[in-house]
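To start, the structure under review is shown below, and the notes come after it.
Going by the order they are written in, the chains are A, B, C and D; count residues from 1 in each one.
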Amino acid sequence: MKRIAVLTSGGDAPGMNAAIRAVVRQAISEGMEVFGIYNGYAGMVAGDIHQLDASSVGDIISRGGTMLHSARYPEFAEREGQLKGIEQLKKHGIEGVVVIGGDGSYHGAMRLTEHGFPAVGLPGTIDNDIVGTDFTIGFDTAVTTVMDAIDKIRDTSSSHHRTFVIEVMGRHAGDIALWSGIASGADEIIIPEEDFAIEDVVESIKKGYEKGRTHNIIVLAEGVMSAAEFGKALKDAGDTSDLRVTELGHIQRGGSPTARDRVLASRLGAHAVKLLKAGIGGVAVGIRNEQMVENPILGSAEEGALFSLTEDGKIKVNNPHKADLNLAELNRSLSSI
Amino acid sequence: MKRIAVLTSGGDAPGMNAAIRAVVRQAISEGMEVFGIYNGYAGMVAGDIHQLDASSVGDIISRGGTMLHSARYPEFAEREGQLKGIEQLKKHGIEGVVVIGGDGSYHGAMRLTEHGFPAVGLPGTIDNDIVGTDFTIGFDTAVTTVMDAIDKIRDTSSSHHRTFVIEVMGRHAGDIALWSGIASGADEIIIPEEDFAIEDVVESIKKGYEKGRTHNIIVLAEGVMSAAEFGKALKDAGDTSDLRVTELGHIQRGGSPTARDRVLASRLGAHAVKLLKAGIGGVAVGIRNEQMVENPILGSAEEGALFSLTEDGKIKVNNPHKADLNLAELNRSLSSI
Amino acid sequence: MKRIAVLTSGGDAPGMNAAIRAVVRQAISEGMEVFGIYNGYAGMVAGDIHQLDASSVGDIISRGGTMLHSARYPEFAEREGQLKGIEQLKKHGIEGVVVIGGDGSYHGAMRLTEHGFPAVGLPGTIDNDIVGTDFTIGFDTAVTTVMDAIDKIRDTSSSHHRTFVIEVMGRHAGDIALWSGIASGADEIIIPEEDFAIEDVVESIKKGYEKGRTHNIIVLAEGVMSAAEFGKALKDAGDTSDLRVTELGHIQRGGSPTARDRVLASRLGAHAVKLLKAGIGGVAVGIRNEQMVENPILGSAEEGALFSLTEDGKIKVNNPHKADLNLAELNRSLSSI
Amino acid sequence: MKRIAVLTSGGDAPGMNAAIRAVVRQAISEGMEVFGIYNGYAGMVAGDIHQLDASSVGDIISRGGTMLHSARYPEFAEREGQLKGIEQLKKHGIEGVVVIGGDGSYHGAMRLTEHGFPAVGLPGTIDNDIVGTDFTIGFDTAVTTVMDAIDKIRDTSSSHHRTFVIEVMGRHAGDIALWSGIASGADEIIIPEEDFAIEDVVESIKKGYEKGRTHNIIVLAEGVMSAAEFGKALKDAGDTSDLRVTELGHIQRGGSPTARDRVLASRLGAHAVKLLKAGIGGVAVGIRNEQMVENPILGSAEEGALFSLTEDGKIKVNNPHKADLNLAELNRSLSSI
């Protein structure tokens, strides 16, 4: 393979630039040429494709966001768009592509490969909810941003003996809530993977203050409900504390990536290039037990594929990601007072 | 004066601990003893008063919040509460008090002084909306927190060509919005001190994208309206961009104080002690043109007093604080594209 | 076991406080009482031992350093000191101890266990050079501090077209240099685990500028030589660039721990308590493939022991830690220009 | 004036990019065209001059260093170089120039103006040692960087009961040492503007430990002597504490500028453009009492000029900058224990 391309798709995540840099630099060091596809799959279909040299990714390792921009483009689920995209790539002599993003991005990569155009997926999302990898690019940075925010809120919370419900990202996965909650010494962590009784939370808040706590910090994954809803539920269940609710919002997607995310992105980007160079497509790279791994995107669970097709042609996740409930258990022990 | 006390009142602000430390250490270096009053005026009335030595404020200079805690206590507007508070202070042999907080705190200090108990006010609030000082303790930190948040949001905003309305604190004063907006290169800053036409904002967003901007950042002071309301108004006025609204919320009150806030708090705290030592009460300290100054809290505008009484006995601000509109003008020039 | 104690030993590392908090809170949640031993093994022998309750470790999770203080105490290698230490512990009814620190700390834990007093080691050092664990507490924070410093130096380096040699900690292990070097996009990383030719470095600097680099950043582990020596060697070998050398120094040991370090420390601390509760001593806890593990401190390599005794009674490391040379290879590819 | 240019000269400082952005954007909003001169006066003479549009300074407000690069160029003190530089500027139709930098840069600006080419100086240096302004661009960021470093060192210092001598930048001015020392609660601050007796420092360290301090932090401006020399002097004078010395080095010049520096740089840059537009040259802009001011660079002290010529033609500073000794006094009170 002499020419490859790279794109970012879906929600942006800190470290995507570090991954782009790694793809570009590794490709060049392997003797290949490399192109950037701007605005995700939409840009692929539209032909928004430009060559990148080593200096074009200089100093981007420390920047949040993605220099290639990103966009949602549901039309790429259609065969027509896929073939059009491949046509555009072939115009530039491109023979393979690295796709950085989430689940949706992987499906595109799978389709391209099925049409004979090798594509490799690379997990980029703050939510850590992608199969086939222990950690996604951007997760560590998001956890850090949330932890910093909670550290700040704790200052004011403690000064006023207040209870805070802090809503963090995570529609299906409680990973951000769990990690940031433990890291900031939260009193309660509420995640989609676990049931909870609102009465227990009220009781725990009350007991906390009785035992001398100066604040109560509850970290809530958005997938459970909104902070406003949770606050109302607490009041309805009898909470009498001085309660505030807050939604951290979009700051969680931004920021200069952490060291961990930069190193992870660099490793994954370089590994993806090596696979393409060997002619391998239709796989997603990941990190498992601190090692680079790759899994087929589509296939059977037995052969380690991330997704399989149901009888009626729908895409099914073989082993859906779940946050580690040992961490939830750990926090319950450590917040005990 | 041999014994003084210090309290924090109203909303907490980063740098209050640095001010407490300065009061304690300066008092000790002047040969006085110093007491901490916990939970603001409520704690004064309740007698929650404890001696502080030099080491009790060790290493707090870098901490957000207030080690003395704070609380609202509207009852202190009543004469009875004031006299009860003075009685509690006299029990400990305390002869003067430094009150760190906002407008309400100043009124309490004024009343104490009127009852013959010297009190000095010290401006502690993130909003920068206190008369008699160029800057309040906590303002620089809040601006920094907001700027960091906007820097993060810009990453993701730029990756997706999005428009963001970011609501920041400031009920009556646009200072946080102005300073953080300029510091982060915001495209628009909307503050209570200036009128605006929603159609102009829609037009400016549109032109910005036409001229090649990758994002539009609008910083909105909460005193104007909420981010949600502003977003709706934009849409109603014809905005077609990919719009997101976000409220930064309580993180703005927290965090380790900036160098500027720590130095300011240290200077103000030490200056307040020197005034009390000279037997001066009923004044508020501030910084004007980089110098420590003090103003009578109550009196006529001519003698430099911060507040005066109206004929019907209400408290009136003599020269209400207004954000510097030159900064608003500056940002309009610099965001022009 | 009803009563345990915890101490920190050797150089301090960010996250030690989070580990102390986890030991204290987990022990309490398991129904045990827990004591803090101040100033390491010296304090154990001197009886500087005090009970800790849940609130005594409140809010320390975000603080660098160690609230129990640390000290070197080579005298603890002697049997007499060990027995004296156990005597002091028994006075308080303490039946087991968690030792947070580096290799030397582990040897002490092993001796205590040999005398029938169960002790568990927990890896706390920024260098990541402890056997039996993928990561040590403090490593991620140190890497982050170094990365932030290099990001800053790159600003000025780039403005002046300068070459910088940046000396970072790591006497025997190049881990800090490798991770921070990759994370900051260093042009060269020099570590003890790899040979290098100074002429190649000179050549690479020269070629970099020819190809348009605006700066050259060389990250050097202190175990190789000092920055001053390396700078001199470069000049002696013919480097003609505008060269600066800098030693990052003690800031590398401090700072609020990263989220990763706080979570790791929390997990390790809780796990150590569970082992003691089960009566297990003479082992060190660690993280392997994202799982908590424990290894015998002393024994044969086959049974997974970290150290064994040589025939003449000296302590020998069974599988000495080595930095991952794949990362060195990765950086060579990515810095290629 | 229809066309102006901007350059950065001397050591770089955080906020220079914000100043460049302000010059460019303000000029465009005033209807002028604006050019960037790369590599300072050297680039002016060499003709390294390129037009800048509004988007060329997009997103640089948050970056350290200077996008125009900087360089020392003593040759510009010669008339020949000055005339050559003007010739290059005229080739592009440029009629005025903004020079961002320190004293040396101002002298160049003065010479250009004397040759009939209007130039305005703008204070950019971390040292805060430029006449005609209360604060220079980069000072607040440098103080913040030093404060953060001392906060980190205090962690480890306190864990080990150590004394630390921390050398910070400031050859002639103690401003960085004073502000960062107060902000971080340093025990001693040693600056060029004040004499000190090494015996007093030794005594103070000793007393501090006796009274229960867990650490001793001494901040030393490099202009006094090096940290290594100071450490030796302490030992020679009888200090018996566990002493470490550290030089913070080049990190002090880098980093994303603080909010304060970004706002200051924006105001100064815009103000410089307005002066040039009015045909005014030969002056330096500054901030005095929170207001924009301008002073003649050369002239008599009476007319407010920053420099005057001695009889033998040398340049003399009229009112040399001195750090505020009230701050030194303040710290002595606050560190008293």
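We take it that a residue touches a chain if its C-beta (ideal position, glycine included) is under 8 Å from a C-beta of that chain, and two chains touch if they have at least 3 such contacts.
All values reported here derive from a predicted model rather than from experimental measurement.
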| item | value |
| --- | --- |
| Any chain that touches chain C and chain A | none |
| Distance-maximising chain from chain A - centres being C-alpha averages | D |
| Between chain C and chain B, distance of the C-alpha-averaged centres to the nearest whole Å | 41 |
| Inter-centroid spacing, chain B versus chain A (mean Cα positions, whole Å) | 37 |
| Geometric centre distance via CA averages, chain D-chain B, whole Å | 29 |
| Chain A, residues touching no fewer than two other chains | 151, 154, 158, 214 |
| Full enumeration of touching chain pairs | A-B, A-C, B-D, C-D |
| Residues of chain A that touch chain B when the two form their complex | 8, 11-12, 14, 16, 63-66, 69-71, 145, 149, 151-161, 164, 214, 244, 246-251, 253-255 |
| Chain D contact footprint on chain B (complex, rising order) | 21-22, 25-26, 28-30, 54-55, 58-59, 61-62, 134, 140, 143-144, 147, 151, 154, 158, 179-180, 182-185, 211-214, 256, 258-260, 262-263, 266-267, 270, 289-290, 327, 330, 332-337 |
